[in-house]
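In the two complexes that follow, subunit A is the common piece, with subunit B as its partner first and subunit C second.
Right, the complex of A and B next:
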């Protein structure tokens, strides 16, 4: 493309500095929000007003902010569940299934101790809560391990496998909580039994303790990828599995390991929403909604380019956007699914912006101009 | 029982169309994992068009055009921009899943039109599907166009040297494939189950993707796979027809997905690979960029 005596050229990036990636990511988010204003305009709203409402509810409202923080914890865990396999070049889109499994695991602990029938507990709540978290992480990890094992051992396409596992666990949850399933609420409303108040996850300034878990994982993952051998092996496998194998890295262990770690974190995300968020404390009838939300984790992971620390602000922003989007939808009488539409628009914008992570556009002087200058140069020097 | 067979065959039609679209795509080396998204778009926009104009023909047309446009978008991302094909496909799936939830919501409920007339008790699309399988097989294996498509999918740089435009061929396949996927979605929402509900496909597109892997890129095996999964799917919806009272209906719903994983596993075994080989297009999933 040419403008005057300058032209636009595409150049392949050889390296991508951290700040360049950050700028591209921010531009992608801004572009997506601009694109999304079309949806507000089509709904007869002023987009600036709608965004103001969205952000002020999500980040500056006494009712909205706690919801945003809880959503943030959930999204951050889902993002990490995506990022760890992603760094190994593998796609975990099974966060939904893994978090359902995590929720089932946590509730199974209570079920095993007879919570459903009567509210007297033999164990101290502290032990029970810890057991629930461990069970949630383990159940998620087992589901992840299936995909990782099949990938490592038989090279099965992990996208198809994790997606199939999503549907399998989705229906398993229905089986467990509906129509006489073991976890069914005695009231029979198609929900699970409710947690007794003694095993609610402890709150720190009204925020569930899972926030410490999520932030702790952030630090650990950062250290793992930056400093440890296993982090290096994961990255090496992600860049070139064949070369990694040649260098003695097991092509079976790495996929298995990253999916176990990812699955465990998604399982904790399930624990967080169904057993730690104030006001929920049960596997609700619309549990599928949380599975759908987990796909925000893919976008957070891609936008933060697999960087565990960069994922924190991104997850906070998207947590706020999805909460605020739901709120404006109700307040401004929009059709259901504003947060879903936002998910779609963000994702497709991000795909388009993938291009800029690989190429840059540079201004160059066109050939004639340069020739002219050279001649001038020559003339002057004579 | 007759009704069960009819419903199974009609379900298989949806797998056939979507799978054929993906098969054509993949034969040229383009992997589109976003089938479900394309189907959701075709189904939703086709449904809305048919309901508001009262014309089935327009509904199907919109389904096909929508699918074609999404195929074009996937082509633009993965062929022209050289974006990772999985990233682009996931993008199209999530776009479809997210946006159709919002767009379609006001239309939640039944279509409310007279059902499409049947031929010998079956939807006309069943016969069209079989014809398309034959045509696709013929074009892919007996014509010069098919040779072009296959060579682009096997070795794009050699194809380019021998005078075939890789870009054009891949775009052609991405768009044709998208059209078939969009049509498949429209068949679902206008003919098979004319009721709109949020994210109603619940895995049809992903099973179609797996079916293409099962088919070893052969349209006839794809047809057989579609029939099998059409029956399985109906069985999972109505287990009482065959085994009344055994297991919860929710457990039955997991069966098609478990079998999908089991078949993939069987195909990955050494025994299967040495016995049957695999015709996987060599260049599948790798963008071709002229340096």
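Right, the complex of A and C next:
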């Protein structure tokens, strides 16, 4: 493109520093918000006011902030459930099924100890809570392992397998909690029995303890990919399976392992939402909504390019906007779906801006202009 | 851009010219003030080692890159290419070293792909007639309805050439045109190139490692070294030796000194080994041989005669269908490839970019491929990248890998430099058994000499080496034992000093030696 004697050129980037990626992402967010303000204007609202309401509710409101943080923990775990297989070049889109499995696993522990019958608990709550978390992680891991095993052994497409498992576990949950199911609420209502208050997950400043788990996983994953042997093997397999095989990396174990790890984290996300978030403490009737929400883990994982640390701000932003957007929709009497639309616009813009991860736009002066100036120089010097 | 700059050009007129072209990349000047011209009707070879700047120059001529300084002229008129489309419009066609064809489509579909006239509704019949005319003109033979994956490398090359010609190319740039071809196909291709040149097209093949081909068919040669033109010659005045000297910058010894090494104990025993190919037929049919310390066992043969299967079975990447593999007295037939690496097997795969390296990994991470399992470099599950960086730096300087640094991605290395890195990485493990599959394929003279000498050094250090090559001269020059392979069977095993070129050549084509003849 030419503007006067200057031109705009598209150049391929050879390297991309971390801060450049961050700047590009921030620009993308700003661009998305500007774009979305059209919606507010069409609804006759001042976009600045609407955004102020959205962000202040999500990040500075005593009612909104805990909601945001709970969403954030959930999203972050789902993001990691996606990222680990993604670094091995595999796509886990079974977070929904894995988190349902995790929830079922956690509730099964209580069921096994007779909690549902209002019996006194024989075990201390601390042990029970730990068992619930382990059961949740294991159940998610087993579901993930199915996809990983089939991929490693028979090269079956992991996307199809994880997606099908989502349907199976969705209806399994339904069977377990609806009327007549083993986990049904004594009052019916199509939801599971409620946790006894003694096994509520401990809170730290009103935030469930699972936040430590999520942030701990963030650090561990970062170290795993950067420093460890297994992290290296996963990355090598993800970049080039043939080369990994050449180097003696097992093309069976790696898919199995990443899906076990991913499934376990999604299972913990299920534990978090149904057994640790204040005010829930049961597998709710609308559990499918959280299954849908888990798919934002894919988006967060892609935007953060598989980087476990970059995933933290991304998941926080998406968690906050999904809460703030819903709030603004109600408060400003907007039509249904503002939060979804906002997340959608943000998502598309962030993905589109990844173009600038690979290319940059530079100003160049055209040849003629430079020659002209040089001749002018010569003339002046004479 | 105006078309028809080449109208009215006569044989011998300059058609394409680069004047003072300079192109810089971070850390390197790939092209430094290059002047270069092609005349109508000539076959002009551009010769240079890997990394000499040939590919950059050709990319500039084809509009893939824009020069930082200097300009391109067609028929004497200055042109600015913003993209290859501009170059194509002005009659320049390029055939890349790595084929860019859609393998599930037929030949004719590939030829018309992207052609402006193809439009939205395909008229395959008309296209076929037109392409057929081109074929008849130049004596090409090809089945248009065959799918690309069914064609041989040589036929794919023809499809690429036809694609360029059908788009109206009058100047044809061929990047390493014979590097993937079998000898017979090479001859056929060269005949086609000569036929095209007779028709006043300007042909620019550039060939790095096959000097005899340059001498046989080109009219003129331009030699590049480190981004500069070092010689412009009429081919008649050149010899293999003089060209090699210009390329490398010093005398190149075409003979290799093979010193005697005391023969030690047996390293590898292969007994009646057979294996299936990917397509499920028996590709390796009961091969037996043994390699001792300080020996190079050379398997000569045209690719596709079971070499890949043999190598993969030995490296633990393919199941043996029958037979035994014994390493240092231990049966490793069912050991995994990782176990074999740890037991001292080193493997240099034929495919450098897809198997031997990971393009998006840094050089350090690529070195890690052969060290992540090594306790000296990864204690307690943690990889010691500091130590590996040091090792990589040593490798890079010892083997003269040209690179801005060890954090560079492997995909930015030229073929020769990448091969040096892989070779260095594998040899630095001091393997007991080294499997080298086509180790000098596609390398220039200097790099080839380097790799061969490194193999001999490893032999000196009492490694047993299995060398698999298509280059008969290479096998004969290096090997203590020569075993021609044909359709999955060894046609005989000859002592290196007794192996005669003609006999080995005939054995590669299926002649079996009887016991009493050896």
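Operating definition for what follows: the second predicted complex is superposed on the first by the 364 of 382 C-alpha atoms of A that agree within 3 Å, B and C clash if a C-alpha of one lies under 4 Å from a C-alpha of the other, contacts with A are read in each partner's own complex, and residues count from 1 in each chain.
The rule is simple: a residue touches a chain if its C-beta (ideal position, glycine included) is under 8 Å from a C-beta of that chain, and two chains touch if they have at least 3 such contacts.
Since we're looking at a predicted model, the values are computed, not measured.
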> For the three-chain model obtained by superposing on subunit A, do subunit B and subunit C clash or fit?
Replying inline: clash
> Can A:33 be said to touch subunit B (first), subunit C (second), both, or neither?
Replying inline: neither
> Looking at the overlay, does A:22 come into contact with subunit B only (first), subunit C only (second), both, or neither?
Replying inline: neither
> So, does A:93 touch the first partner subunit B, the second partner subunit C, both, or neither?
Replying inline: first
> What is the contact status of A:207 with respect to subunit B (first) and subunit C (second): first, second, both, or neither?
Replying inline: neither
> Taking the superposition as given, does A:343 touch the first partner, subunit B, the second, subunit C, both, or neither?
Replying inline: first
> Of subunit B and subunit C, which one touches more of subunit A's residues?
Replying inline: B
>> Just checking: does A:248 make contact with subunit B only, subunit C only, both, or neither of them? Give me first, second, both or neither.
In response: second
>> After the superposition on A, what does A:298 contact: first (subunit B), second (subunit C), both or neither?
In response: first
>> Looking at A:159, would you say it contacts subunit B, subunit C, both, or neither? Reply first, second, both or neither.
In response: first
>> Taking the stated contact definition, name every residue in subunit A that is touched by subunit B in one complex and by subunit C in the other, in rising order.
In response: none
>> With touch defined as at the start, can you tell me which subunit C residues reach subunit A in the complex?
In response: 26, 315-317, 336-341, 347, 349, 351, 354-361, 365, 368-370, 372-373, 378, 381-383, 385
>> Which stretch or stretches of subunit A touch subunit C in the complex?
In response: 14, 227-233, 235-236, 239-240, 242-250
>> Using the touch definition from the top, list the residues of subunit A that touch subunit B in their complex.
In response: 39, 91, 93, 150, 154-157, 159-161, 163-165, 167-168, 171-172, 174-175, 178-179, 181, 292, 295, 298-299, 302, 335-338, 340-345, 347-348, 350-352, 354-355, 358
> Which bits of subunit B are touching subunit A when the two form their complex?
Replying inline: 33, 77, 81-84, 86-88, 90-92, 94-99, 101-103, 105-106, 198-199, 202-203, 206, 209-210, 213, 248-251, 253-254, 257-258, 260-261, 264-265, 268-269
